[in-house]
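You will see chain A twice below: alongside chain B first, and alongside chain C after that.
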Partner chain A sequence: MISVILTIFAPILGGFVYGIERIVRARMQSRMGPPLMQPFYDFFKLMDKRPIMIHSFHALMGIMYFIAEWFALAVLLLGNDLLIAVFFHVIAVLALVIGASSVRSSYSVLGALRELMHMISYEPLMVLMVVSFYLVVGSFDIKDVLHYNGYPILDLPLVFIAFLLTIPMLLQKSPFDVAEAHQEIIGGPEIEYSGPFYEALYTGKWIEYIYVFTFAFLFGGSHYWLGAILVIFAFLFINLLDNSTARLDFRRMVKFAWIVLIPMAALNVILLALI
Partner chain B sequence: MGFFSKFRKKSPWILHYNTGGCNGCDIEILATLAPKYDIERFGALNRGNPKQADILLVTGPVTKNCRDVLRRLYLEMPEPKVVVAMGACGHGGGVFRHLYNVENGVDNIIPVDVWIPGCAPNPRALIDGIVEAIKIWEKKSKDKEYMKNHSKEMIKNLGVNDD
Partner chain C sequence: MESLIVLSIIIPWVFALTVYLAKNDFVTNSLSYLLLPILAFFAIELFFGTLPVYIHTSKILDILMDVYDFGLLFFFLYVGIKYKNSLVISLAILQITLLIMALIMMPHSDTPNIFVDKLSAFIYVIVALVGVPIVIYATKYMDYNEKNKHTFVAILLWFLGVMNFAVSVNNIEWFFALFETTTLASYALISFRKDEEAINNGILALWMNQIGGVAILIALILMIKYNGYYHFTDILNHPKTVAIAALGFLSLSALVKGAQMPFHKWLLGAMVAPTPVSAILHSATMVKIAPYLLLRIAPVIKGTLLAKLLIITTGYVFVVAAIIALTQDNFKKILAYSTISLLGLMMLAAVVGTPIALTASLVLIVFHAFAKGFLFVEAGVLEKAFHVKYIKQMRRLVERAPITLMFIFFGFLNMTFVPFGTFIGKWMMIEEVSNFLHHGSYIILILYVGAGSAFLSILYMKVLGISVRKAHGIERIKPIKLPITFNFVSVWYYLWLLVITIFIAPFIANEIVPIANMIAGNSANIHAIGLSLQMNHSILYFWQILGALILLLLIHALPYFVKFKADIVHPYNCGERFPRYIETWNFECLSKYENYLIAFSIALFIMVVVLGGGLL
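After this line comes the complex of A and B, so read on.
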C-alpha cells in the first residue's frame, strides 16, 4: 500500500527532496537559499510559458523520459524484479539521449554522447549491486529484500561505498556532472527544451531522486530505521561532495568507475560467493 | 492571466549577456548571486540558456559583433519575457557612445522594459531592478514579441516566421 502511494506521489515527493536539497546546498555555502516549495513554483511558472518546440519527436522524447522514469520507479517499487527496474531506467536515459541527439545544437549532441558515457560508467555497477542483493537475499524480489532479517549493509559494505560514489553520476552532481555541465555545455541534453517540455525533464529528475534513494534504502533490509539513516547519510554526503569538488573530465569518470568502483563491487561479490 | 500566472514572481530565471562592456556590471551580478546578497532566496537562478530564461539581463553598449547574437537570444526566449538593461553603457552607449563599433545602447536593438542606472550599479540596485522587471513581467501575455528596428530581410534570416 505504501509503495502504491509512493509511486503515485513520486513527483511531488521528489520535488520536496529537490527543495530540501537546494536549501541544504545554500546553507553549505552560507547562503539563505530558496523556500522549500521553490521547485513547484518553478514548475508552475514553466507551465505558463509559450510552448516552443524544435520538432515534435524531440518534444516527445522529453516526455518519454519523464514517463519511462516514472515507469522504472513503478517497476522498482510495485514490481517484483530489481533487475528489470534497472533495465527500465536505461530506457528512460535512452529516450533522453535519442531526443538530445535529434537536434542540430552541438551542445545537445555533446551532452547526449556524455550521457552515454554516464551510462557506461554506472550501469554495470547497478547490475552488480542487484546481483549482490541476490546473493545476500536469495531473490531479486524487492519484497524479499525488504523482509530480509539480516543487515545487507554488513554483507555489502564495498558495494554500498561504490553505489554511494555512483549516485553523483546518476543524479548529475559534481564531480561527475559531466553530461549536464552547466558552465560548460549549459545543461547538455536539456538545453533545447523550453517551457512545458522542459518541465517534463525537470520533473523526471525529481523522480530520479526517489529512484536512487530507494536503492540506498534497500541496504537496510527489513530494518527500516537503518534504511532511513542510510538514505539521509547518502543525501548529505552527496551534497557535501557536490559542493566541495570540481567537475572531472568524462574520461576520468569512466576510468574511475571501471578501475576503482567496479572492481571494488566485484571483489565484494566474489568474497560473498566464496563465503 | 490564469492560475499559473501568480507563480511567475516566485521564480524569475535570469539570462545574463555581456555585449562588450568592461565586466564591472558582471562582477556586480556575481556579487548578487554570492552569499551576501543571495538572489536565489527569491527563486532567481542564472541560467545560461535563453530557452529556459525569463529575464534577459543585458550589460554593455551593444558592439556590432554582438548585435545579431543579442537579437537571437531575445528571439529564442519564450514569452512572457522582460529585458533589463544594466549599467550606463546599456543606456545609449555610456563612455563608448558614438564609437565606430558601437550600436549606442541596448534600446537600438531590442525593446527594453527596465533600466538600471549606475556605473556600475550596486547589487541593491540590481535587485531593485529585477523586482521592477517582475512587476512588468506579471502583466505580460504569452503572445509573440518582436524586436525593434527589424528589417524584413533580418526577420527572414532569423526564421522568426517559421516559429
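After this line comes the complex of A and C, so read on.
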C-alpha cells in the first residue's frame, strides 16, 4: 500500500526532496536558500510559459523521459524483481539520449554522449549491487529484502560505499555531474528544452531521486529506522560532496567507476560468497 | 516424420538447382516466395511432432558421403592452388590426411546417422522463418546493379538446405562434411563479387573455418581412439567416459564457427559481399552452428574445467567485441561486432549448462536471429536505396528514411532493451548464475553480462543518436518509395518480433523450455502465469512487459505521428551559431587497445584448448 502511494506521489515527493536539498546545500554554503516549495513554484511558472520547442520529436522525448522514469520507479516499488527495475531505468536514459541527440546543438549532443558515459559507469555496478542483495537475502524480490531480518549493510559495507559514490553519477552531482556540467556545457541534454517540456524533464529528475534513494533504503533490510538513517546519511553525504568537490573529467569518472568502485563491490561479493 | 525431415533438407537443394539452371526471373522469385510456406510448414509440423526421430541410412549413402568429403577437400585444395594461398593448401592437405586416418580407424557403428530432436527442429524453424525471407529479399536486392542474381539466390537457397542437414546429422564425420559445406557456401558467397577484396576475404573465411574443420577431425580421431564411438547420441549416452580432449576440440571448432576472437575477422570480412550474405550468415545459418554445437554437447561438458574456461573466453569476447564495436564507423561492421559479442553470450549460456541457462541461450538464438536478420535487411535497404554505408552518412536519416530508421530503431531495441528476448536472456543468466556464486567465482560472469550489456546499449544509442538528428528549417523531404519486396520482408520481421515479445512468457515457457529440459535432462523452473513469466521466485509481470513495450513503441514510432502545437524556434545552443553537422565520438581512446585485447583473447583461446582439452 505504501509503495503504491509512494509511486503515485513520487513526483511531488521528489520535488520536496529537491527543495530540501536546495536548502541543505545553501546552509552548507552559509546561505539562506530558497523556500521549501521553490521547486513547485518553478513548476507552476514553467507550466505557465509559452510552449516553445525545437521540433516535436525533441519535445516528445522529454515527456517520454518523464514517463519512463516514473514507470521504472513503479517497476521498482510495485514489481518484485530488482534486476528488472535496473534494466527499466535504461529506457529512461534512452529517451533522454535520443531526445538530446535529435537537435543540432553542440551542447545538447555532447551532453547526450556524456550521458552514455554515465551509464557505462553505473550500470554494471547496479547489477552487481542487486546480485549482492541476492547473496544476502536469497531473493531478488524487493519485498523479501524489506522483510529480511538481518542487516544487509553489515554484509555489504563495500557495496554500500561503492553505491554511495555512484549516486553522484546517477543524480548528476559534483564531482560526477559530467553530463550536465552547468558551467561547461550548460546543462547538456536539457539545454534545448523550455517551458512545459523542460518541466517534464525537470520532474523526471525528481523521480530519479526517489528511485536512487530507494536502493539506499534497501540496505537497512527490515529495520526501517536503519534504512531511513542510511538514506539521510546518503543524502547529506552527497550534498556535502557536491558542495566540496570540483567536477572531474568524464574519463576520470569512467576510470574511477571501473578501477575503484566495481572491483570494490566485486571484492565484497566474492568474500561474501566464499565465506 | 522421416519424409518431412528428408523434404526439409532436399527441397532447398532442389529449388537451388532449379533456380541455378533456369536463370529466369519469374522462376527465381516465385520459388523463393514458395519456399517460405513450404519450409515453415515442415519445420512447424516437425517441431510439434513426436521427436526425436532416428533415421537409419544405407551403406551407399555412407560411401557417397565419404566421396563427397574428399571432393570438398580437394576443391579447397584447388582453391588454395588457384589463389596461391599456402594456408588453405596446407590446411586442406592436413584435413585430407586426418580424414583418411579417421576413415581407416573408424569402427562400424549401428547408431543411426540422422537424428532429429527438438533442438534440430528448433533450428529448422529459425531457418524457415528467418532464413527464407532473406532469400526473398535477395531476389530484389540483386536487381540493383548486381551481377549473377540467379546464381546468388541459388547459393542462398542451397545454404539453407545445408544448414538444415547440418543440424540433423548424428555422425560426427557427416557433421564435419556439412560443417565444411557451410564453409564452402560462405566462401562462395563472400567472394561472390569476384573483386580482389572479396576474394581475399573469402579466402580468409575459408582458412579460418578450415581450422574449425581440422579441430572436428582431431576430435573425431580422438573419440574413435579412446571411446570407439563417433555419434552425438553415443556421446550423450556415455557422459562420463568421453575423452575430454575430443570435447575440447569440438568446442574449439564451435568458437571458430561462432567467429569468437581471435577468429572474428572472417565474419567482418563478409561485409564486402552483397548484404543478404551478411544477413544470412549472421542470423539463420552459419554462425548459429556454433551455439548449436555447444548446446548439443552441453550436458557432457557442464561443470568441467573446459566449461569454465569456455565461460571465461566467450564472456570476454562478449564484452570486448562490444567495446571494439564502439570504435567502428561502418554500419555493417558495427552490426557484425555486435553479432560476435552476442554469439559470445549465447555460447556462454550454453556452456553454463543448467536448464535455465540453456533456455537463456535458446531465447538469445531466436531473438538474435530475427533481430539481426532484420537489421541487416535494413542495412541493405540503406545501402541500395539511400546510399548509406557509414554511420556519419546516417545523419538526418529520420527525415530521409523515416520508415527504415524506425525499423532499425526497433531492431536495436530488440538487441538490448526490456522486455525483448535479448534482455530476457541476460536477466535469466544473471539470476541463474547468482546461485553459483557460493561455489567458486562466477562473479566474473556477472560482471561480463552487466558490462557487456551496458556497452551494447551505448553502442546502439550512439548510432541512433546520429541518425535521429533533425535539420532545421528545411522543407520536408519526400520519402523514397521502397520496393514491395523490401517492405514485405521488413514488416515480416517486425511483426514476428512484436508478436513474440507480447506473448513472450507463454512462448518461452511452452516452446523453449521443453527444448532446454530435453537437453539438460531435468526441468527448468520457468513457468508462464497467464502472460507473466515466472523464473524461480522472480516474476516478470505482464504489465511490465506491456508497459515497456508501449514505452519503447512510443519512443521509436510516435515521433512520426505526433505534432505538438507549440511555437518552433531554432536551437538555443547558448546563443552561439549552431553547427550544420555534428559528428559523434569514435572512442579513439579504446581503439588503440584493440590489439592488446585481441592478443589476450588469443591467450584465452590457447588456454581453452590446452587446459580445457586436458592436453597437458
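The rule is simple: the second predicted complex is superposed on the first by the 275 of 275 C-alpha atoms of A that agree within 3 Å, B and C clash if a C-alpha of one lies under 4 Å from a C-alpha of the other, contacts with A are read in each partner's own complex, and residues count from 1 in each chain.
The rule is simple: a residue touches a chain if its C-beta (ideal position, glycine included) is under 8 Å from a C-beta of that chain, and two chains touch if they have at least 3 such contacts.
If you're wondering where the values come from, they're calculated on a predicted model, not measured in any experiment.
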Touched partner set for A:251, first chain B, second chain C, both or neither: second
Which superposed partner A:47 touches (first chain B, second chain C, both, neither): first
Which superposed partner A:191 touches (first chain B, second chain C, both, neither): both
Partner chain(s) touched by A:32 [first = chain B, second = chain C, both, neither]: first
Touching partner for A:131 - first (chain B), second (chain C), both, neither: second
Partner chain in contact with A:207 - chain B first, chain C second, else both or neither: neither
Dominant toucher of chain A (residue count), chain B or chain C: C
Partner chain in contact with A:216 - chain B first, chain C second, else both or neither: neither
Chain B and chain C contact sites that coincide on chain A, given as residue numbers: 50-52, 186, 191-192, 194-195
Residues of chain A touching chain C in the complex: 50-61, 64, 67-68, 71, 74-75, 79-81, 83-84, 87-88, 90-91, 93-95, 97-98, 101-109, 112-113, 116-117, 119-120, 123-124, 126-128, 131, 134-135, 139-141, 186, 191-192, 194-195, 197, 251, 262, 266, 269-270, 273
Of chain A, residues touching chain B in the complex: 22, 26, 29-35, 38, 41-42, 44-52, 182-183, 186-187, 191-195, 198
Residue ranges of chain C touching chain A (in the complex, touch as defined): 398, 416-418, 423, 427, 430-431, 434, 437-438, 441, 443, 446-447, 449-451, 453-455, 457-458, 461-462, 464-466, 468-472, 537-541, 544, 547-548, 551-552, 554-555, 558-559, 562-574, 576, 578-580, 582, 584-585, 589
Residue ranges of chain B in contact with chain A within the complex: 2, 4-8, 10-11, 13, 35, 38, 40-43, 47-49, 51-52, 54, 78-80, 142, 144, 163
